[in-house]
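Let me begin by handing over the structure; questions about it come next.
As written, the chains take the letters A, B, C and D, and residue 1 is the first residue of each chain.
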Amino acid sequence: MCRWNAYIGEPLLIDELLYKPKHGLIDESLHARMGAETTNGDGFGLGWYLSDMPTDPARYRSVNPAWNDANLRDLTRHIESHLFLAHIRAAIGSPVQQSNCHPFRHDRWLFVHNGMISGFAQMRREILMAIDPELFRGVTGSTDSETLFYLALSYGLADEPLGAMERAVGFVEQLAESHGIDAPVQMTIGIANGERLWAIRYSSNAESRTLFVSEDVEAVQRLHPENPRLRELTEGDRVVVSEPLADLFGAWIEVPESTGICIEDGSVDRRPFEPRRPSPHDPRASTSA
Amino acid sequence: MCRWNAYIGEPLLIDELLYKPKHGLIDESLHARMGAETTNGDGFGLGWYLSDMPTDPARYRSVNPAWNDANLRDLTRHIESHLFLAHIRAAIGSPVQQSNCHPFRHDRWLFVHNGMISGFAQMRREILMAIDPELFRGVTGSTDSETLFYLALSYGLADEPLGAMERAVGFVEQLAESHGIDAPVQMTIGIANGERLWAIRYSSNAESRTLFVSEDVEAVQRLHPENPRLRELTEGDRVVVSEPLADLFGAWIEVPESTGICIEDGSVDRRPFEPRRPSPHDPRASTSA
Amino acid sequence: MCRWNAYIGEPLLIDELLYKPKHGLIDESLHARMGAETTNGDGFGLGWYLSDMPTDPARYRSVNPAWNDANLRDLTRHIESHLFLAHIRAAIGSPVQQSNCHPFRHDRWLFVHNGMISGFAQMRREILMAIDPELFRGVTGSTDSETLFYLALSYGLADEPLGAMERAVGFVEQLAESHGIDAPVQMTIGIANGERLWAIRYSSNAESRTLFVSEDVEAVQRLHPENPRLRELTEGDRVVVSEPLADLFGAWIEVPESTGICIEDGSVDRRPFEPRRPSPHDPRASTSA
Amino acid sequence: MCRWNAYIGEPLLIDELLYKPKHGLIDESLHARMGAETTNGDGFGLGWYLSDMPTDPARYRSVNPAWNDANLRDLTRHIESHLFLAHIRAAIGSPVQQSNCHPFRHDRWLFVHNGMISGFAQMRREILMAIDPELFRGVTGSTDSETLFYLALSYGLADEPLGAMERAVGFVEQLAESHGIDAPVQMTIGIANGERLWAIRYSSNAESRTLFVSEDVEAVQRLHPENPRLRELTEGDRVVVSEPLADLFGAWIEVPESTGICIEDGSVDRRPFEPRRPSPHDPRASTSA
């Protein structure tokens, strides 16, 4: 599987989260701590927003393993951002190439995914056909993750991310059923637009990978106790991680199964995540016939 | 544009063709001799057949510029093949990644393309939908070239390459017309299956890039006059080049516009290449509506 | 040869200089305008300083050709810097790898070089031995450029760049003489430390590549006339380019042969650059025996 | 640490050893089975000899993790060799770049190393200075492994590999002593010249990584029981692995500490490996003062 981290709050040097903590994301890309884990060495990506360009996210993606990429280390030491997403990839079934690394980007939106769509090889063509023709040109890779993102964009992610994801997942689950594929969707999702950060934890069979949100600023500060920069953090700063960091000091909220959250200005809103199958009139469902 | 070379005949060390000749393919990737040329530094690829594995072509592709790839130089000095295709890429509109480098491969078939499909961004979705669902999984990149290859496979390239290409090109030209795109197709094509080599020169507006076939063995020998290996070549050995090599000694046949050729056992068969539009009953045409 | 650009002045988005101008550096990496030029597709590098971290330059280097590197395009659109150096490489004799891309970096210093040391293969070992042992660990690549940088650091570049370069070049010229190598050094050099920018134009036989400094802010503004950002530039902003940009509007100072310049706070100081051979007591000269 | 495999015997398709066995080298590059192991994802390399070019080894090296390199998979399925070495790298202290991947090559010689030279950063300069000036140009990377290889070449590896390695290791151990570095050398080494294969297992403190040689042809055949190709192997075929493969069927000789072996024509000669310190008259020792 993959892993991802996100941060939203006062501007932070990116390496404070990615490199400094013990068992942070970059360290995790190399050392698979849990026995069943594969190494996440099939590329990585970083997307971030600058305060004076909140609708124009920057992105750096590479097929190098994260742990040995000198550029990533250098960049993260010199870029400060109020909102960023980082992802390390373990490829399943699609080539290792820059266009298959997360985050995926469309206009002001960034998207990361940990998990998979089972049976994607059988369903890829139909899901691609369900993407809006105007959006189709943005699909440059061949992953299930990017395809899911563009399907959700087609369902209005830019207006309402959680609702659009519910409809996209519902579409995939219905399509999977028609193909005899069980439990197709497994995901934790991170979505950002420059002002807010959303996260989703959902799987068709309720066996998702983990997802945690930091509850208070102490949890973030303890990422690196000797770090004076982190003492300047304020209450509203949040870290979202798909895997727990070294020791979970402070309070970390584990995001439950089938839950979507939205973080803005320090507050964390939670709601159920319930996929919605396409209505009989949904044109996308008919093109996949 | 891109460039490609091919060889069919008695087994030859690949670097004899790619590196040794003055202004050979690798040299050409760096030095753009003709003023309007862009450098072909967006990756390269090599596909070759071994005498004891004629239905299982090997392939090496890289995003490195061909001129500075140490592995390519090393490999070509140590691989001997009776049939191989080499391609250097100048990317237009799709990412530089290994999955977008030629040759494309499907079962025993290799495919290279020099040229472009104008307006491909507008037509990509519809062309993709016209590809047979069973073949669709083989599409791993995002180029017009690979898409054209899989469309031709859908039209029976594995049974009859030239006819299938006529139908694929006819499909694209009809689709282009419906989008108001002029002169969509520009191509020289190389196709191999382990035993034969096909080449096509065609453009919708009859302004194709060049294509040459060596007529006699002297033309091949003069690629590198001091080279004793080349003196062992026999009459049936042929070289196909998309761009002329340094000095055209010996006889080189320029492949005319709108022509397809098939080379086997030393003989070169030529026939007109005439795209055929889909019939009204062609299911592919209706899915693109 | 290679090419490089530098900027010093009010903070500027890096792509304003690298991508926006017609025939700017990135464009030049692809289109070799002058007939004798090779393509500069053997990697590139970018080094920049942030206002709040003036002694800790950031760096991004890649073996990809600059024109097709998506990350570079993205980064330069999102990084603003008051002092940066960009370099595109045409490799001569050493491998294409990240550690051989410029700029080279040591503490707060960045260094780029356009040119070569002739006969470097014969002299490399001796030049390496002349580098201070404490500095030696910083040498990670195999280029003449990096070696020259570390030799100059050994001669006190961190205290006085131009004087140290004069001594380093003098050392190389003397060593070359002992090896019977003519006209060993050909260079334009860029050096930065976060506050100042130095440039040198020198060749052993006075046949250097070109070097230009913008004289007034209009020269910089005309890089991209429709660009409102550039209208905000002030008098002290300077651009240094190794090759002329499209049309040289405004005033550009051509740096003469055998000249070193230092730019700070908008003023350009010029002085002769005169290599100084090692004295008989110079320990470095004896270790090269 | 790194890992390596080697084969000598009747020509074998390379992937039979690298990919087919359970827990073979490529699989091992991804799944670190033993808890203390780091992933070996910092590049890989393959060197092989062709029967008709026994003094001109071919080589393919890449910074990609071995498990996701499509070219490696393709190449190994199509290359047959009577003698080859494969290496996967876990970098310690030197950049991940092609010139730092094993095997290293000089004329007809190939060299791989699993292990490290402790304190190499302090000793690198002096070891480099001890390499013959004529050989120095061949050093293109920055690893301890390559440096050790060239030092051994300077001590006559091309005439007698084991003796030269004893002298090179003795040099390093003496130099380490002068720097106060304990137990500097840890290594298993593979060396080939097109006709013979040597291996060494040695560490300054006798705590080497493991090394195994297959004793009989059954051990090789059981690498992949359903594989008819392997049934054609003859008694003289040998596999050397730095780490044990899945289940050690058949007989595997564990190479003891401080031992060097030479394999040719099926027989395995063993002798003690005893580093020899430089004599007081050894010019290399004096240059390192």
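Keep in mind that, in the parts below, a contact is a pair of C-beta atoms (placed from the backbone, for glycine too) under 8 Å apart; a residue touches a chain by one contact, two chains touch by 3 or more.
Values in this document were obtained by computation on a predicted structure and should not be read as measured data.
Visitor: For subunit A and subunit C, what is the smallest step count along a path of chains that touch one another?
Guide: 1
Visitor: Taking B-D as the reference interface, which entry in A-B, B-C or A-C shares over half of its contact pairs by residue number?
Guide: Checking each pair in A-B, B-C or A-C, only one repeats B-D, namely A-C.
Visitor: From the C-alpha centre of subunit A to that of subunit D, how far is it in Å?
Guide: 41
Visitor: Name the residues of subunit C that each touch 2 or more other chains.
Guide: Where subunit C meets two or more other chains at a single residue, that happens at 70, 95, 98.
Visitor: Going by the touch rule set out above, what shape does the chain contact graph take here: line, ring, star, complete or other?
Guide: Topology of touching chains reads as complete, every chain touching all others.
Visitor: Which residues, counting only subunit C, touch subunit A once they are in their complex?
Guide: Going by the criterion above, the answer is residues 50, 53, 56, 58-62, 70-71, 74-75, 77-79, 98.
Visitor: Show which residues of subunit C lie in contact with subunit D when the two form their complex.
Guide: Touch list, subunit C to subunit D: 94-95, 97-99, 121, 124-125, 128-129, 133, 136-137, 139-142.
Visitor: Name, in rising order, each residue of subunit D that touches subunit A in their complex.
Guide: 30-32, 38-39, 41-42, 63-65, 67-68, 70, 91, 95-96
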